[in-house]
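There are structures below to look over.
In the two complexes that follow, subunit A is the common piece, with subunit B as its partner first and subunit C second.
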Partner chain A sequence: MNSQLNKYLSISFINIKESLTYIWDIIFGKVIFIALIIFVFANLWTVVFASKGEVIPGFTLSMMVWYLVFGEALVTSIGRFVKEVGDDIKSGEIANYLTKPYNYIVYKIFVSFGKGLINFMLVLFFGGIVAYLMVGGIKISLVSVPFLLIVALLAMLLNLVIASVISLFAFWIEDSSSLNYIYSKFTFIFGGMIVPLEVYPPLVEKIAAFLPFSYSAYHPSKLVLIFSFKTFLEIFIVQLLWIGFFIIILFFLYKYIIKKVSVNGG
Partner chain B sequence: MKKEEKKIISIKGLKKTFKTKVTKPGMSGIFKNIFSPDYKYIKAVDNIYLDIKEGELVSFIGPNGAGKSTTLKMLSGILFPDSGKIKILGKDPSKKRKELSYDIGTIFGQKPQLWFHLPPIDSFNLFAKIYDLDKKIYQERLKNLINLFEISDIINQPVRKLSLGQRMRCEFVLALLHNPKILFLDEPTIGMDIIVKKTMRELIKKINEKEKTTIILTSHDIGDIENISTRLVIINHGQIVYDGDFKNIKQKYLSKKLLKITTEDKIDLKDFKDLIVIKKSKYYIEFEINTKKFPLNKVIDFLFTKYKITDIGINEMPIEDVIEEIYRDQR
Partner chain C sequence: MAVKEIISNFKLFVEYQKIFLKSAIEYRANFLLSTFFMFLNDVIWLFFWYLIYYKLGDINGWVFQDLIYIYVFATISFGIAGYFFGNHKEIAELVVKGKLDFYLTLPKKDLTHILISKNSWFDLGDLLFGILLLLFMVSVTKVPLILLMIIPGVLILIGFGILVGSLSFYLQSSESFGSTLYESLISISLYPGSIFTGATKFITLFILPAGFITAVPVQLLHSFDVTWFILLFLFSIALFLLAIYVFYKGLKKYESGNLLYVRM
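Entry: the complex of A and B
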């Protein structure tokens, strides 16, 4: 078991190493664009706050902008996971993975996790610069940092296991980009990637806050702004539960699909 | 039994049929597809028997859709047969896929397995972990492969900076790192130009000779296996049409060549009256010659003295034609 985990962590590690070699391509190809979105929103919020004051009670202008920085960093970090799996299936490339002594989908998760860590830090850094210049900083107590990191990592992992479950449907649906689209819109709307869920009507907010998507964006991002150890524990536990839940689904679905594909040929 | 004589792969009565939905166009088609779709059955592999000995180099040649990839997928355990038996090293791949993955190397398609932006050594080190190689054994193995493929001076350069040939050698080292007894190569030369194909052939030959790896490769182009002594298995419509020495087929059926020439002068059909002309326009002609009757050098000499030739192409007969002739002879 230990050597298995070691194997998969090495897979994350080589992808971190590779990402670092073309870090400027990532910055110019992707991160700058996200920073630009943050810039646009920062302007938008500045105007809104000037004319209307607080949109959500208790959320200051700088909190709104920094919320977006964390939301973007968390959600965009995993890349186009669903589409990548779809491409492997479509191109037949998956045959090369299935003949290796590892689990294909776990392999993919650790690849994206490695790349995701670098993306996460880059978006946080460049988005953070934009936010800082536009609206100033926010206060984060040093003690909370390790806890925030744990929640952030689990948020990415949760995001990846949900994406994995969805990606497996690419075995049935030819066009995986539509799956990718649906999934990204879910994290976007129900996950609260751009604005806190408090902007929704109370019922929608309650439902969205319960759904797993919000544990990969809304809850962790809000925790950075308003930290308490109690909230951390709540989020941490629910994240683990959701991750466990999706891993179980993933396990059975993957087994079922691989069997089916082996028998029917997809 | 001598070691080379040991049977490493045995295939008995292998069959695989695919069931696919026939999609119909239009609105009514959509409903029909959902509620009562019509199915089409494709016999991809149809009763194949094959024994492969340790150390053999076997080429599966056949037209597109002949069932080559399907066979390889069943051999590597990612596709289950409808009926028939496969034994690889005494094991059933559909039941022992993971176990067999330590003994088999596979390359399906052309996508590089090396991490593009990193030096090959990083990919090698990762694969050593993936295959649970013992550190000492891995170092020893790597040293041997580095010497065999002469890559010592490139393993620390990023893959993207390597030439195509260098990359190819490193890809093979990666695939051979876990010392597989068997290697499956599905269309390893597809889309390559002649020179790169030649490099690929030489590498395959080298692996088979020096590493004693049992290799099955597939191709739709019989010209691909020229200059390698191999056991040839011709597959058509999921069945084996020929199984034997490549030399026999070469002498019997590959004496025919396909010539295409472009000239500056008008082509006189009278010059080609004994030959089978396939296509002709004023300055271009495509024809078949039997090199036993008309030696290639004589034909070319003649053409070059008579015509001002601007372009010439000499090709093997397409595999479909070879298969047709084999059928004709069997009748």
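Entry: the complex of A and C
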């Protein structure tokens, strides 16, 4: 068990190193764009706060913008995971992975987890610069940092596990780009990556806050801004439950698909 | 001569459209899915703005109906540019991977041929969404002016695409930077124009000219201003001509490559 985990962790580590090699490609190809979106929303909230004041009680202008920085850093870290896996399935490339001494989907999750850590830090850094220049900083207590890191890592893992389940649908729906598109939009909007869910009408807010997407964006990002140990524990437990739930679905779905792949001959 | 050229290009355009139609019928499941998913994507985004406006009422004076106008201008422009002139987004790839060879060895070696020889089903989803919005969510009296002001939007999208793509003639590694710029243009054009003020407004008009695709036309729908109307057309035509100039200038530096491709 331990050696299995070590094997996959080494895969993550190799991908961290690879990402560092191509760091400027990542910055120019993706991070600048995300920083621009943060800039646009900083403009939006600045004009809204100037005319209307606080949109959500207790959320200052800088909190709104920094919320987006954390949301973007968490959610976009997994890249175009659904498309990558979907393409492997569509092209039959998956057959090549099946001969290797690892589980394909677990391998993919750990690859993206490694790359994701670098993406996460880059967006946090560059997005943070934009946010700081436009609306100033925010206060985070040092004691909360280790807990926030745990929730952030679980948020990324949850996102990856859900994305894995969705990506396997490429087996039936061949268009993996579209799947990727729609899944990411769901996390952006109903996961509360862009704005805190309190901005939405109460019914939408309640439903979205319950859905698993919000545990990879809304709940963790809000925890950074308003930390309490009790909320941390709640989020931590629900994240574990959702991760477990999707792992079970993934297990059965993957088993079913692998059988079909062998029938098709890859 | 010029008339002859236009007719011959138009004929080629029609032929390509026939091929695209055949390919859509052949791969109809994929075609329908791609188109539908893009459509759905637009619906989700507009729903997001509906939710935001539900709480805020207006954003610096712009209401939800203005967002609908923005989506009409944006999606129809993206749709026309992407579906009928799909290669305007791919210039960098054509240059870097040596794929321009195909066009340069044919009798029709001009930019028009390059632009029209690719289509994207995604963008058709945009186009359909925009047309439906225009039919059901916009007052009929505004339709002629809207249709007229979509032309500069299309010119800017194609022009900007060619311009950032042509960077690859000069800088080999500018492919991802160019597409980031293009994505940024698309993205910024989908926000309410009222959030950009001062220097930011200037940037969104003259550097990343998203404002001319959506914000300026929406403003003109509210209060028509001849100066801005003329500026809208002059700017888009100037950008388009500049892009053509930069492309042909860059083409002289084109070195091809040694990769072999099968064009399917």
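Here, the second predicted complex is superposed on the first by the 263 of 266 C-alpha atoms of A that agree within 3 Å, B and C clash if a C-alpha of one lies under 4 Å from a C-alpha of the other, contacts with A are read in each partner's own complex, and residues count from 1 in each chain.
Everything below uses one rule, namely that a contact is a pair of C-beta atoms (placed from the backbone, for glycine too) under 8 Å apart; a residue touches a chain by one contact, two chains touch by 3 or more.
Quick caveat: nothing in here was measured; it's all calculated off a predicted structure.
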Subunit C versus subunit B on the shared subunit A, clash or fit after superposition: fit
Which superposed partner A:L36 touches (first subunit B, second subunit C, both, neither): second
Partner chain(s) touched by A:I14 [first = subunit B, second = subunit C, both, neither]: first
Touching partner for A:V145 - first (subunit B), second (subunit C), both, neither: neither
Contacts of A:K185 with subunit B and subunit C, given as first, second, both or neither: second
Touching partner for A:I207 - first (subunit B), second (subunit C), both, neither: neither
Touched partner set for A:I237, first subunit B, second subunit C, both or neither: neither
Most subunit A residues touched (candidates subunit B, subunit C): C
Partner chain in contact with A:I248 - subunit B first, subunit C second, else both or neither: neither
Partner chain(s) touched by A:N96 [first = subunit B, second = subunit C, both, neither]: first
Nearest-approach distance, in Å, of subunit C Cα atoms to those of subunit B in the combined model: 5
Residues of subunit A that lie at the interface with subunit B and also at the interface with subunit C: none
Residues of subunit B defined as touching subunit A within the complex: 16, 18-19, 44, 69-70, 73, 76-80, 94, 97-98, 101-102, 104, 106-109, 111, 113, 115-118, 122-123, 126, 129-132, 158, 186
Contact set on subunit A toward subunit C in their complex: 25, 28-30, 32-33, 36-37, 40, 43-44, 47-48, 51-52, 55, 173-175, 177-179, 181-182, 185-186, 188-189, 194-195, 199-201, 204
In the complex, subunit C residues that touch subunit A: 29-30, 33-34, 37-38, 40-41, 44-45, 47-48, 51-52, 54-56, 59-60, 122, 176-177, 179-180, 183-184, 187-188, 191-192, 194-197, 200
Touching residues on subunit A, where the partner in the complex is subunit B: 3, 6-7, 10-11, 14-15, 17-18, 21-22, 91-93, 95-96, 98-102, 262-265
